[in-house]
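Each in structure tokens, the structures are laid out below.
Next, two complexes with subunit A in common: one pairs it with subunit B, the other with subunit C.
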Partner chain A sequence: MIMQERQAFWIVLPVAVALGLLVLLLATGDPASERNNTFQLQGEVAPLIEGPTIDGGWFDIDDERGRWVIVNFFSTSCVPCIVEHPELVAFSDAHDALGDATVVSLAFDDRAENVVKFFQDNGGSWPVLAQDTGEIAVQYGVTGVPESYIVAPSGVVVGRFIGGLTAAALDDAIATLTGADT
Partner chain B sequence: MTRRTASWLLVMVVALSALVVAAVDEGEPKTNADRAYSLAKDFACPVCQGQSIAESDVPIARTIRRNLRIWVDEGQSESFIRDELVSIYGEDIDYSPSTDGISALVWVLPIVGGVVAAAGLTIVFRRWKAEAISEASAADEALVAAARRERHDD
Partner chain C sequence: MSNAAFGAGAVALGMACAVVGASIVVLGLAGRRPRWFAEATTLVFGMFAAALAAFVVMERALITRDFTVAFVAEHGSSRTPALFNFATLWSALEGSILLWTLILCGYVVAVVLKFRRQGDDPMVGWAVLTLFVVSGFFFLLMLSVAAPFNTFDPQPLADGTPFDGPGPNPLLQNHILMAFHPPVLYLGYVGFTVPFAFAISALVTGRVGEGWLLATRRWTVMAWGLLSLGIVLGAWWSYETLGWGGYWAWDPVENASFLPWLTGTAFLHSVMVQERRGMLRVWNLSLVIATFSLTILGTFITRSGVLQSVHAFVESGIGPAILTFFGLIVIVSLGLIAWRGDELRSPGRIDSPISREGAFLANNVLFAAFAFVVLLGTVFPLIVEVIDGRTISVGNPYFDQMTMPIGFALLFLMAVAPVLPWRKASGDLLAERLIWPAWIGAAAMVVSLLIGARGWAPTLAFGLGGFAGGAALRQVVLATRRQGWRGFVGRTNGGMIVHVGVVLIAVAFAASNAYVRQGEFTLLPGETAEIAGHTLTYEGSTFREYSNRAEWTAAVSVDGGKAYEPGIAVYPFASQTIGIPSVRSTLFDDVALSVLSFPETEEDDVILRATIQPLVVWLWIGGLVMAFGTLLAVIPGKRRQPTAPTSARLPEPEYDPEPLGVDA
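Our next item is the complex of A and B:
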């Protein structure tokens, strides 16, 4: 019997080691709750944003090289987007005069007519794309709205805001990043 | 080959056949929509817990599903689509663990454990069986005889 127990032990041992390593491997991975913190675009050239704007114009992010661009994904039905809108207006108004930064908004999973009405009601004179923005949203790795990306004058994505932002937070981020971007 | 061995072999053949058929016989997606849906099942919704892009109805999952359809319609390969989504949302989005680096152990360890366990059990069962049919010792026979006598006396 003792011999049988010893034999069983030598079978169980390697299986237990293999299973233990497997559990260790799975347990040491990033937890699912931290997935949203993954920011793959950091330091990458900003994915192309090009298309018609709701005022009948045309926007191409490559034409904005040389100044900061805040790429803002939003939805007219999202409360935090409504709350942050006046902050974007304030930021845009302040930087339009300086010419050093601009905002571009992309409606996410929304209707163009709702977007037009939203800007009529709430102000904002920056370019807004409302059609076929899904592919661009995926290219940026958007996970929800509001979500905003800071594109440096060099055309590289250097920051991201998940959730609502403020004009002061944007200014602080740009001030911090100014030394880093060339 | 005994009848019992043949029965076990038959059970193993049936079980293995069922596994192979289940793994292989899903059939190739027939349309682009089928292929896009099949791909959507392979990726995790980036903002959900335990739901695939195919299952989730949050806006980003719907958007990624639409993108999958566009990529499939464009004729992009599965590896292109996989690489694209992993480069954007990170490896966590891919339900199939990577076969490179330390992640490959996720594939290797269960196989190693299974093979070691099967081999070990086979060896031990054979050894135990050989021990079981060994002849009774004189002490065993004396014990059995005593038990019989006692029963007979009762």
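Our next item is the complex of A and C:
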């Protein structure tokens, strides 16, 4: 009978606890934009990228030790990727001469002939992988295209761009990271 | 006087009215001086006048491009077309809080006018106090973390051109629906404040009768109808402007608007059990409170940036303030329920599960489960991150799999529940009443199979849709036979029209998700492509410059008919590029076109994406039918005789002022 009289209280109690936890969770959660800045690969050796490039060559990321590598996941059918492309061209052109950085693009969920045509039309002479890139994308934890990772000369992943990037932003990031990766 | 100073003054005046009003009501209630809190309602008009003045001043600042107001400098521009310039007010945080406050004050004025004769009733007094407190919170936001009238000193650029703002987010100025979707959604969201205020008042005064429910019934139905319409308009807007071929992505912000809709829908049904049988009182109070709390939680999710969302609002310090308010609502409400719950419980029991009230109970269980599934999916990434630090996202597969069975069960209930009598049903009665709806459901399945539909899930959805639609139409036909045109109005009959709208949406949702075809084509001018029985011909491209943007559009004729013009727009001042999808809609299917890559010269090729989805247009038609049904539902229908045994109310205890203060 006592239980009967206090029934409302005993129903309310677990609800209150659950909602209290929810409020705590929401109150302590970092903003989504800040959480994005850390990701699983941060500080780890870059997962292997190896395979035939669309111009008939062979790419192996381990051969690139000693310079910065921008690992760019893209798709020919995504508008931000198309917008981003000239920026990558500018970055690549500027650094090819210096030899301190290179770009490797991985077509994500795309057809090889589309990728070849895309590069013919839009320029860009860096290595591009168009086959079997899905597994690599999973290892990098790609959430969508465009998405780019910065691999330091030591071969460690140090940065990530979700969404389109610009040449200036890349240069800034590398300048900031240069001090850290020695 | 400058806009900024005048606006800030109006906000301060509104806050003052809310604080003074709330104080007088508190003193009146505590000192049992009904005249006091009756008089305090006058301040409601002051509050509304202040909010209206602030709104008008902000629109004036936007229209005259008064960049000395920081909000205008940050979100307005001289290049924005007039309609979108007007809508700029709700395109960003501060303005949308201002719009929210104005709508809230409008509702409060309506409440005070409606209950002016009962102004000295403590029941109304407590409700008005709650409304003062909620309004005061929103004025407080505008005085602190979301101040809309901060000043700005616009400096001309180095080359002497006068200052100009960036304009609102490009995605918010490329479709006319953006001008309507947020205000309609807010009218719905904010409308739930009124039933919430009366629920709190019922709990505090301990007046367990159904009086508060009857008083706020129509308010709840209206708020619910506007919320439904707002959600459908939002889906329509995203379909027409975002160009990924979809309209619902289980995005946190969409979920935030869907959650109160689910609990509100549950309430609209279970409230009928209370009116007819006097049962589920505490549950109904809890649903009203949950609905209002979820609108506040939704605002937090939308505005705080704690969850990743395609809507991506700019972060601000408003998050903690709203979360604190949410916590306060939860503490007060749960405390009141724990304190009063046992007194409010009714002795009645449900006689048989196969009865109208049994069906409403099942409906409530399903809607509560639906809301739980959606809430869990929305906050699950945060839970996982706390537990093991991983960042995950919960996407469509979870929501689709979890909500589909609930959706089917709800469709089934929609078919059966309207024909069930109260208290107890017999098998014979059910068979007689359900025979025609069942035939319609079977016919819908057969027809869908004949015209090529495959897959068990969509076919089942069509069958159940036909069943539920048939049941709703049967009720309307019977009602109009009995009552003439009045068979269309009133809550029950209007509700059946709403059911028809929901069935249309469910069928359209199932068909458009199950039979989507998407293809990408690289076309030279004059070339054609075929997809899903449609012929697309690329006719050529055009470049146009507008005051706020530059547009490349591709003319694509669909099935040899009129040319549609999907394109890409560049908004230089916002440094953003957005796609402009173009959709050819027919009653049977939609061809949605978007441009993926643009030619450098007119002879080059263009990459087009075409998404073909059947029956999409019925989503919007269904939404309009729901809104129309809601309107019919608030028109008074046939009045039930108060002496009729089914609607006899439980004796309502006289108001006794003693338990108010310290309860023994």
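Heads up, the rule we're going with is that the second predicted complex is superposed on the first by the 144 of 182 C-alpha atoms of A that agree within 3 Å, B and C clash if a C-alpha of one lies under 4 Å from a C-alpha of the other, contacts with A are read in each partner's own complex, and residues count from 1 in each chain.
As a working rule, contacts are C-beta pairs under 8 Å (C-beta built on N, C-alpha and C of every residue); 3 or more make two chains touch, one makes a residue touch a chain.
The shown structure was predicted, so the numbers you read here are calculated from the model rather than taken from an experiment.
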{"item": "Touched partner set for A:Arg6, first subunit B, second subunit C, both or neither", "value": "second"}
{"item": "Which of subunit B and subunit C A:Thr176 touches, first, second, both or neither", "value": "neither"}
{"item": "Partner chain in contact with A:Val83 - subunit B first, subunit C second, else both or neither", "value": "second"}
{"item": "Partner chain in contact with A:Gly144 - subunit B first, subunit C second, else both or neither", "value": "first"}
{"item": "First (subunit B), second (subunit C), both or neither touched by A:Ser154", "value": "neither"}
{"item": "Touched partner set for A:Ser125, first subunit B, second subunit C, both or neither", "value": "neither"}
{"item": "Touched partner set for A:Gln42, first subunit B, second subunit C, both or neither", "value": "neither"}
{"item": "Intersection of subunit A interface sets (partners subunit B, subunit C)", "value": "7-8, 11, 15, 19, 22, 25-26, 30, 32, 35-36, 40, 143"}
{"item": "Residue ranges of subunit A touching subunit B (in the complex, touch as defined)", "value": "4, 7-8, 10-11, 14-15, 18-19, 21-22, 25-26, 30, 32, 35-36, 38, 40-41, 75, 108-109, 134-135, 137-145"}
{"item": "Complex interface listing, subunit B residues touching subunit A", "value": "46-47, 49, 58-60, 62-64, 66-67, 70, 87-90, 92, 102-103, 105-106, 109-110, 112-113, 116-117, 120-121, 124, 127-128"}
{"item": "Touch list for subunit A against partner subunit C, complex", "value": "5-9, 11-13, 15-16, 19-20, 22-23, 25-33, 35-36, 39-40, 76-80, 82-83, 114, 117-118, 121, 143"}
{"item": "Contact set on subunit C toward subunit A in their complex", "value": "282, 300, 304-309, 315, 320, 323, 326-327, 330-331, 334, 337-342, 345, 379, 382-383, 385-386, 390-391, 393, 520, 522, 568, 577, 579, 596-598, 600, 604, 607, 609"}
